[in-house]
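Working notes, structure below.
We just call them A, B, C and D in the order they show up, numbering each chain from 1.
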Amino acid sequence: MKSSVIVFPGSNCDRDIAVALEKFKIKNQMVWHNDANLPKSDLVVLPGGFSYGDYLRTGCIASKSRIIDEIINHTKKGGLLLGICNGFQILTETGLLPGILLRNKELKFISKNVFLKVTNLDNNFCHNYKKKNIIKLHIAHNEGNYFANNDLLKKLEDQNLIAFKYSDRNGNINDNTNPNGSSNNIAGILNSEKNILGMMPHPERMIEPLLSGEDGSLMFESLFNKK
Amino acid sequence: MKISAIVTLKKEVLDPQGKVVNQTLKNMGYKNISDVRQGKYFEIELDEKDPIKCKEIAEQICKKLLSNTVIENYKINIG
Amino acid sequence: MNISNNLIESHGLKKDEYKKIVNLIGRKPNLLELGIFSAMWNEHCSYKSSKKFLKKLAVKNKNVIQGPGENAGVIDIGDDDAIVFKIESHNHPSFIEPYQGAATGVGGILRDIFTMGARPIATLNSLHFGSPEHPKTKNLLNGVVSGIGGYGNCIGIPNVGGEIKFNSSFNENILVNAMAVGLINKNKIFYSKAKGINKSVIYVGSKTGRDGIHGASMASAEFGENAEEKKPTVQVGDPFTEKLLLEACLELMKDDSIISIQDMGAAGLTSSSVEMASKGKIGIEIDLDKVPCREKKMTPYEMMLSESQERMLLIINNGKEKTAEKIFRKWNLDFSIIGKTTNTNNLVLNFKGSQVANLPLSSLSTDVPLYDRKWKKNTLPKKQKFLENLEKIKILDCLKKILSSPNNSEKKWVWQQYDHTVMGDTVQKPGGDSAVVRIHGKNKGVALTVDSSSHYCKAFPLYGGKQVVCEAWRNLISVGAKPIAITNCLNFGNPEKETVMGQFVECVDGISQACTYLDFPVVSGNVSFYNETNNKSIEPTPTIGGVGLINDLKNMISQNIKGTENYILVIGKTAGHLYQSELYREVIGFKNGPPPEINLFNEKNNGMVIQKLISKKIVKSVHDISSGGILVALTEMCLAGNIGVKIKTPNNNMTLHEYMFAEDQSRYLIEINEENHENVSKILKENSVHFDIIGKTQKEKIELSNNFSISLNDLKMLFSSWFYNYNKV
Amino acid sequence: MKISAIVTLKKEVLDPQGKVVNQTLKNMGYKNISDVRQGKYFEIELDEKDPIKCKEIAEQICKKLLSNTVIENYKINIG
């Protein structure tokens, strides 16, 4: 399993995700956004951070990067693409995933642990969550409020393209368990082919007990044991 | 030539910033405010004298960069 | 241009000082030169009122690699790892423009850290606001907190701790002190001292704009009614550019291109060039036409005094210019060779083909006037007989009132706005006694804390100064760390007043006594004077940033209660000191009397014993007892662990209020299980440490026999709601 | 009545967002753009018909809430 983490100016979770991938034996390399070529990889990761300061709209300027066309090609060939936090925002700006991430409803940055229900277990990112489908991960964002209009929401629900929803520790999903105002408590979604996942929580920050949890590990194990 | 653009959220998109400004103004005693929407404003200096060309460029950059037409509208002003 | 008295005064220089300038350079300065003097001779840059007293601080021991005098202090933590850290104030700008003022405060202190070659690994902050009811407070609080978050979150350095207090003495002068901590290989530290003649002087980072001109002078002038008028001197920060600058600098530092490096902080290009050259005892010549400018037609005066953010000055080895340029261009930063080092010992500035300034560097550094200001001794306030009948007020009501007060309630609202887990090494999050950040890739960590107690310092500065250092020490001990060193930010009023100077002198004395005794040296810091508006000055507020080392993270410990049926012990003697306590101040509104005294022997002895118990792994949790006393500290432990306690007060000759709420110093609470009871008692006795057994942990409730019983849920509500209610729109 | 306000950073003050937008437009091939500044736009619905009163209220809220005159300017439009 080989991965590439794309580094944009202002990415700041690039090292964290690289550490996590390597911990789970995925052979990773860092790729500078301005490179014209994407090295051969099974998985491409767009890391968290503040690409271009998140100025104008989050993820917007990174979505105009040179490497993006290569990434689109990679996914067309069935390659896996994971966008975490700012990476998710870049995915919606490029149109690789539908919808958009608006400012948190309270207009404040939120950094805290949240519970999530893994709502799609049938994909290469999440299949190991069959062992445990209510998990705890950390969120840290200012614009994590996923917005989709009713038609899109219906499509996402009907086609089972929602990967994670904000919940409580028992898996209840409602307004009280929604930290940022996301439509239908959505924390992460898949494309129709299920080879692209965008998510706001940070699995790479929960990969050992010392870091207040290990629930992120299951995602990297899923990827390593790709179906 | 100077051009300017205003980018606003479409009506059906929730505007949390506007909502908070609205509430804050009410708390400050401005009771007769019924709605606030917040948007972005851009002032662009172009090395181009022809207003028609300016308008064209402005349209392009609003579409391609300054707004996300999924959720936003834009309005352009020349000069 | 003629230098009028008015012009001299508007540059913050006294008549005598101007005379000294004329004397030193043997002629009248021109306007640009006057501006340079005003920047270098003001309080903020010159430490002219404080230097004499700062010399008394303990600054060395075997762990100190670099003490005060550089961009930041450096301490050795073993295996070639070293920690670089410093705290700095951004008080005045944050009052004027809270978001940008606080944001640029974070940006500035981060530059001090990575200038030395360290990768920043954490930030902390200490904030003091006016009373919550004051009309400006809410807006300032929100602006400052989002500014600190806005900068730190964007650049991607975890903000792991801090403190936040409210007190009406800060109504018109808030305090925003930011601390940053970095990790470096101890053999690869970069310093600001220039070396060698004819080396290129290089400017990198953002362009220079007209922002923040006179910022340094502003920070040294007392606020008047028209503070609002001084507005345009505030700078806007760009954390995105800072992130690029950080990565570019660290990339260039991998080889030996850089001779010396200095960030452009207060007084921008002026102070950075002067400091580098004067430390190296050489000269420097700058061609101002080469300075990257954001606006057209900027004058030499503006370029030299601008405080635009995210800029650095480098002196590099001959032939390395191209390498450096390539890296900075890759990161999309401005890069310009603006001058060279010389053997003249002068600062020479050229612009459009002519020399516009030529000053001996000594006149800007070693010859800066130093003052031995008059100061007034403080007297220890009397323990006046307290008349009110405390027995009438229920213990539980006191606890509730204290827990839900702004100063003692939970600060989650604040730290959840800061990304505290980015970089993947935050092993103890905000909310505990100290944060703990792991050394990347290793099994050791550093413990970090910031502390201040302005009302103790106000009541009696000597005790107050000692107390803050001890409090930082205790916070580090409480997570299982060995305290190593501190940084300090000394926030005071106008030093030209004898009372203020008296507070300063005696606070510094207290700090000095404590850090000497505890072998807890000061390695960096900052002094902020003139925190005063309309003649009303803030409470004296030294802020201490403490750093400790946890050699094996298995020895890390936290304050949350771990299990039921465990014993709770109070370590250290409780004497019933209630003056200046939260009980008196918050519940009763009585603010007189002396602060608690510190016995340094007990402080050290108790701390060492706690360390011993932790390393023997016979304690389950530890929490130091500070503001609010035993009952508040115990409640915090229970809430953190979601486990209750049944309290039984020991027999003594105090009232229950005195025992539960006294703020006697050098005390801790520990949780131990039954089987270690004997062993722990034995160790405590052997080391002559006083202790009381005050209860046993249990499910769900906090109970005090024959007095009260309350559920953790009810307490949690009280503890956690203040900030949310206050900030509801 | 509808009022709108545009809040922009003062000329001497750095505009990090405008700087990045400018750079991005250049990278996208718009070489003749010489400067971009970004500001905020507010649209406010007031239950008040008198334009003079509207203007007055707008002035107040711009000063008190929508802008910080330390670093920003504002411009008001009525109707």
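We adopt the following convention: contacts are C-beta pairs under 8 Å (C-beta built on N, C-alpha and C of every residue); 3 or more make two chains touch, one makes a residue touch a chain.
All of these numbers come straight from a predicted model, not from anything done at the bench.
Two chain pairs, A-D and B-C, are weighed by contacting C-beta pairs, with A-D ahead. Note on chain placement: the centre of chain A and the centre of chain D lie 34 Å apart, centres being C-alpha means.
With each centre defined as the average position of its C-alpha atoms, the distance from chain B to chain D rounds to 9 Å. Centroids of chain B and chain C (each the mean of its C-alpha atoms) stand 41 Å apart.
Between chain A and chain B, the centres computed from C-alpha atoms are 29 Å apart.
Of all residues in chain D, those that touch two or more other chains are 16, 20-21, 24, 28, 38.
Looking at chain A, residues 52-53, 55-56, 64 sit in touch with two or more other chains.
Residue numbers of chain C whose C-beta contacts span two or more other chains: 238, 240-241, 332. Contacts between chains leave no pair untouched here, as each chain touches all the others. Here chain C touches chain D in the complex through residues 96-97, 100, 206, 209-211, 228, 231-232, 234-238, 240-241, 294-295, 308-309, 332, going by the rule given at the top. Residues 9-10, 12-13, 15-16, 19-20, 48-50, 52-55, 108-112, 138, 140, 142, 202, 204-205, 210-212 of chain A are the ones that touch chain C when the two sit in their complex. Remark: chain B residues 12-14, 16-17, 20, 65-66, 68, 70-71 touch chain A in the complex.
Against chain C, in their complex, chain B makes its touches with residues 20, 23-24, 27. Residue ranges of chain A in contact with chain D, taken from their complex: 52-53, 55-56, 61, 64.
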